[in-house]
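Note that chain A is present in both complexes that follow, paired respectively with chain B and with chain C.
Entry: the complex of A and B
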């Protein structure tokens, strides 16, 4: 087996692939995504971290302050939440436990904090007083004072906490103040998971059914062809929606509870097996007439053994290509389904993020939709480039 | 029949149904082999010659039961193979193997030489698992390849080398009968001779019986003891190879011999070129299949089908114009 993989890696196809710079770059990009997915699997960022509020709603990315209105809104959010803690029934405890992401309140006496808060409110009122002319230099100066007053309420993070805060706020926050970057990274894991699982299962089902249909012919062939003709005559998005909806029904509720992605997997596997099935069936019909298959029959091998050892291994290149096509297909379909509200539920995903971004876009806030689409675009593009290169490298007729 | 017959073939018929239409009914049949009878004697090399589409490859595949004949019997040492199912055939599979025509498609591209040969030997229990590697190496060297060829894949070999691997795979289960279906026709002439000589050596060394299918009379003459001449699914003449030039009597055999290039220009004779085409294998003519192209045809040839009759000892001809023995 080691001999085999050495031959494969030093073979003509691999040499061609390695010379292809675009393919190698794409491979590196995919590697980064896989690393991200692995990181998420190891718990960085954790599921809680991506659901946690780290800043006021819709904070822009790269620590930009945004428009004057947004600065005022965000200041009001900080002051309101601190005031709630200070005025609560047990101020000392509430103040000690007050958190906003990695930020925590300065450890001073409640009275001292109260006075700093009052000062901040005063700055807020001064700035709001200029609301009619909020873009004027005077108003900007007031807003800067307000920011300083708010900064004085928090312990400024250092070291690891500062780095975490940078990561959390690098691409802004969504409508619930959750970090967009962390959610997008977490979604990479969801996407890779959905892509790998559904592409793998779909290719497996498609290869087995297609190979059986092509090799045995007769009623097996009729059945499989009838099945995929029927499936492919239904528009795939409708099929996806129906399957996803059925899986959300009561009958599957306990299963779905344990595996929230099950409806998505089911929908993708049931609609994606068709294209590998079709190509594999055609290839097997060609292969079974070849003399090495007849030679195996002359030796006396059973039909199953010939199919599994002599026919299916020779369709491996098709499985390879179909996997890379279906992987991106699944990722894109996940986004569409989630956008329609039928896909991933409970955890963030790029589709869920784009769905949530609908209202923000109307308000001129593009950080969330931009991040989600950007993450998806880069991965899909890299995979497209790679599968093109794979096809070129492993196609024997391509010089 | 004769006591030394390894294989007795009687009235073998192989028709391929052609299905079509909405109800997928059998619409017509390809009459590939139409009632062929002959013996294969133990230790001989029997040549089967004929033009493309005459059913010689189909005949070869029926002999080793790659195809199930429509009618007739194939007796291997007395057992009728035509009637056996997959499981009952197994002991006979071990005794009969085939060498295929196209060295480029007769080897599984994903199996190394070792895997391909080993698989066959182990399946039929010829060697134990521990001894298999040594057995494979020995066999590979026996067919004239270097021992280090064992771990290579088929695409690393030339056509002639691949044919040697094909022979090694066929011999892996130590068969008695080898059906060689045009084993050299896809090879260069220089390589053809090498592979033929290899087959001859192996035949002598292992005491094989060989059915050698070819369209090339020169190769048949060089290699075979007896020859069957086939035309449109029928055997038209059967005789010893050494008497082929002197005694061939069927007009088709004579035309085939006449079409062979002559080495010495002084020996050149006027060529009889066959006119017309082979009749369609879908609808056979009522009389002699060769009547439409025969240079000496008579009216009765078109009405009556000539049987294959023994004319002299070991020489049978299917022609109405030939006097009996």
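Entry: the complex of A and C
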């Protein structure tokens, strides 16, 4: 087997793949995403950081201020939340503990803070008094004053805190004021996790069943063909929905609690194994007629040994192609499942983000849907390019 | 011919028996009555709906009952959530809206994709081909949901706001041809754009494969123009894989476009099934999936038989 796999890695197909510049670029992109996923696994950004409010709702990205109305809303959010702390039963403690992402309130006496707050409210009232003519230069000047007054309430972050704040606000915030960029980065880990686990298991099941069916023939073949005909006679989206719903039921509740992604994995693995199985079965039926397999049988190797060490390693290219295709399938199906309310729950994912962004789009806020789509597009595009290159290199006859 | 049809039918009998078996087993892992009525249900109520549907009877008996109902199309079982509505009625009411979207979408997608594929194959290897194919891959890399969200925003909100004239509905459905463009055209267009990337790539691959065949070389040798080779010789021969592809997508028409139906509130089969799954409407889910699978298999057999009519060699295998 070692000899065979070495041949696969240094064979003609691999050389062809290495010369393919697009494929190498795609691999580099995939590498970047894997690095992102690793970073998230190491705790940057942490699970709390992506659920934390860092700014008012739907702050636009690139530190843009947005429309005058939005600036007023955002100012009101800041003032309201500070006022709650100042008016609380223990103002000194509430002020000391007041946080908005990395921002904290200026460390002055509550009386001093309250007078600054009153100042800011006055600026707010002055700005909102011009509501009818909010785009005029006079109103803009008032709004700038208001922003200065609000800035005076917070300690402006420096060093690491400033960098963190920069990352948090770079692509804006969602409807609950959470950082879109951090959530999209965290979702990269979720996507890689879902893609790798479901594609790997599906390819493994498909290859084993398909190889066994193709090699042994007879009732094994009949059974496997019956099984995949059965599964593929249910429209895939119905299959996904039914499996995910069953896994969300009471019977699996303790398991799902420990492993929240279980319904997603189960749905994908049980519906994705069909295509590798079909392809591998066909390939193995061809392979078993080849001389080297017959030679191995003539030497007296057992059938299991021939299957596992001589036949299956020669279908490795199909496993790679199918892994790549199923990875794409998993990421895209995750979005659909999340939209149907059966997908990822509890952690952010690109599907969850796109699904949440539905309502924002109608208000003309595109940062969340744009970011999630962009992150997803680059990864899926890389895998699409890679799948094409793999197919060209190893399976050129495929239509 | 008849023996081939009979063989195809017989071959699919165990497949269908398997589907119904797996489906019924999967739906019974969690107690359906309990899941529907919730934690605070009274035991008498649970017992009552179980008895009504025969859930208390032995599994095999339920199995035969469901198979009998599907084969005799005796779909009088009542839905749990839509009071008084039988599953058969829900099925017959929802099939039209589904087809109103999927059939035009299939026609439009196939026509446009074949044209683009022809252009792409005509300029094979040149900038036009490469950029078209890159566009196709780019289009394939964006989520279906993003197309729907932006399609609705552009078509139903922005267009209405800018022109002051409601060209497309935000959602909903009314029967009748006059209402079709208002309610269904936008979903059809979205579905076409989504499917175009996949189809174009497939059809281009077919054309490229076809262009390497001997008869093309013969045509070239005899002095036929490139355009004539493309549209007369090649397209004619490429029709077989094209028709096969279209026929294999036919079974999916029945299911409808679940996502579009859910998003645009179109009461098609996909949305009915989705709502039934959400509301734990067990009888509807069970019968709908069983019927889908049956229709799916039947249309597969039909495809095979039609194919065998066209190409007699298939009958022998």
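FYI, the second predicted complex is superposed on the first by the 378 of 399 C-alpha atoms of A that agree within 3 Å, B and C clash if a C-alpha of one lies under 4 Å from a C-alpha of the other, contacts with A are read in each partner's own complex, and residues count from 1 in each chain.
Just so it is clear, a residue touches a chain if its C-beta (ideal position, glycine included) is under 8 Å from a C-beta of that chain, and two chains touch if they have at least 3 such contacts.
In this text, all values refer to a predicted model and were calculated from it rather than measured experimentally.
Enquirer: Taking chain A as the common reference for superposition, should the pair chain B and chain C be classed as clashing or as fitting?
Expert: After superposition on chain A, which the two structures share, chain B sits beside chain C with no clash.
Enquirer: Of chain B and chain C, which one touches more of chain A's residues?
Expert: Here the partner covering more residues of chain A is C.
Enquirer: Where does A:297 make contact in the superposed view: on chain B (first), on chain C (second), on both, or on neither?
Expert: After superposition on chain A, A:297 lies in contact with chain B alone.
Enquirer: Could you look at A:341 and tell me whether it touches chain B, chain C, both or neither (first, second, both, neither)?
Expert: second
Enquirer: Give one of first, second, both or neither to describe whether A:53 is in contact with chain B, with chain C, with both, or with none.
Expert: After superposing on A, A:53 lies clear of both chain B and chain C.
Enquirer: Touch test for A:229: chain B only (first), chain C only (second), both, or neither?
Expert: Touch status of A:229: second partner only.
Enquirer: Aligned on chain A, what is the least Cα gap between chain B and chain C? Give it in whole Å.
Expert: 5
Enquirer: Which parts of chain A are touched by chain B and by chain C alike?
Expert: none
Enquirer: Quick one: which bits of chain A touch chain B in the complex? Just the residue numbers, please.
Expert: 3, 7, 290-292, 294-302, 309-310, 313-314, 316
Enquirer: Under the stated contact criterion, what part of chain C meets chain A in this complex?
Expert: Listed in rising order, the residues of chain C that touch chain A are 12, 14-16, 18-19, 22-23, 26-27, 29-31, 34-35, 137-138, 140-146, 149-150, 153, 157, 202, 205-206, 209, 241, 252, 255, 258-259, 262, 270, 273-274, 277-278, 285, 289, 292-293, 296-297, 300.
Enquirer: Looking at the complex, which residues from chain B come into contact with chain A?
Expert: Within the complex, chain B touches chain A at residues 61, 64, 66, 86, 89-90, 93-94, 96-98, 100-102, 105-112, 119-120, 123-124, 151, 153, 166, 169-170, 173.
Enquirer: For chain A, which residues are in contact with chain C within the complex?
Expert: Within the complex, chain A contacts chain C at residues 226-227, 229-230, 233-235, 237-238, 241-243, 245-246, 249-251, 328, 332, 335-336, 339-341, 350-351, 354-355, 357-358, 361-362, 369, 373, 376-377, 380-381, 384-385, 388, 399.
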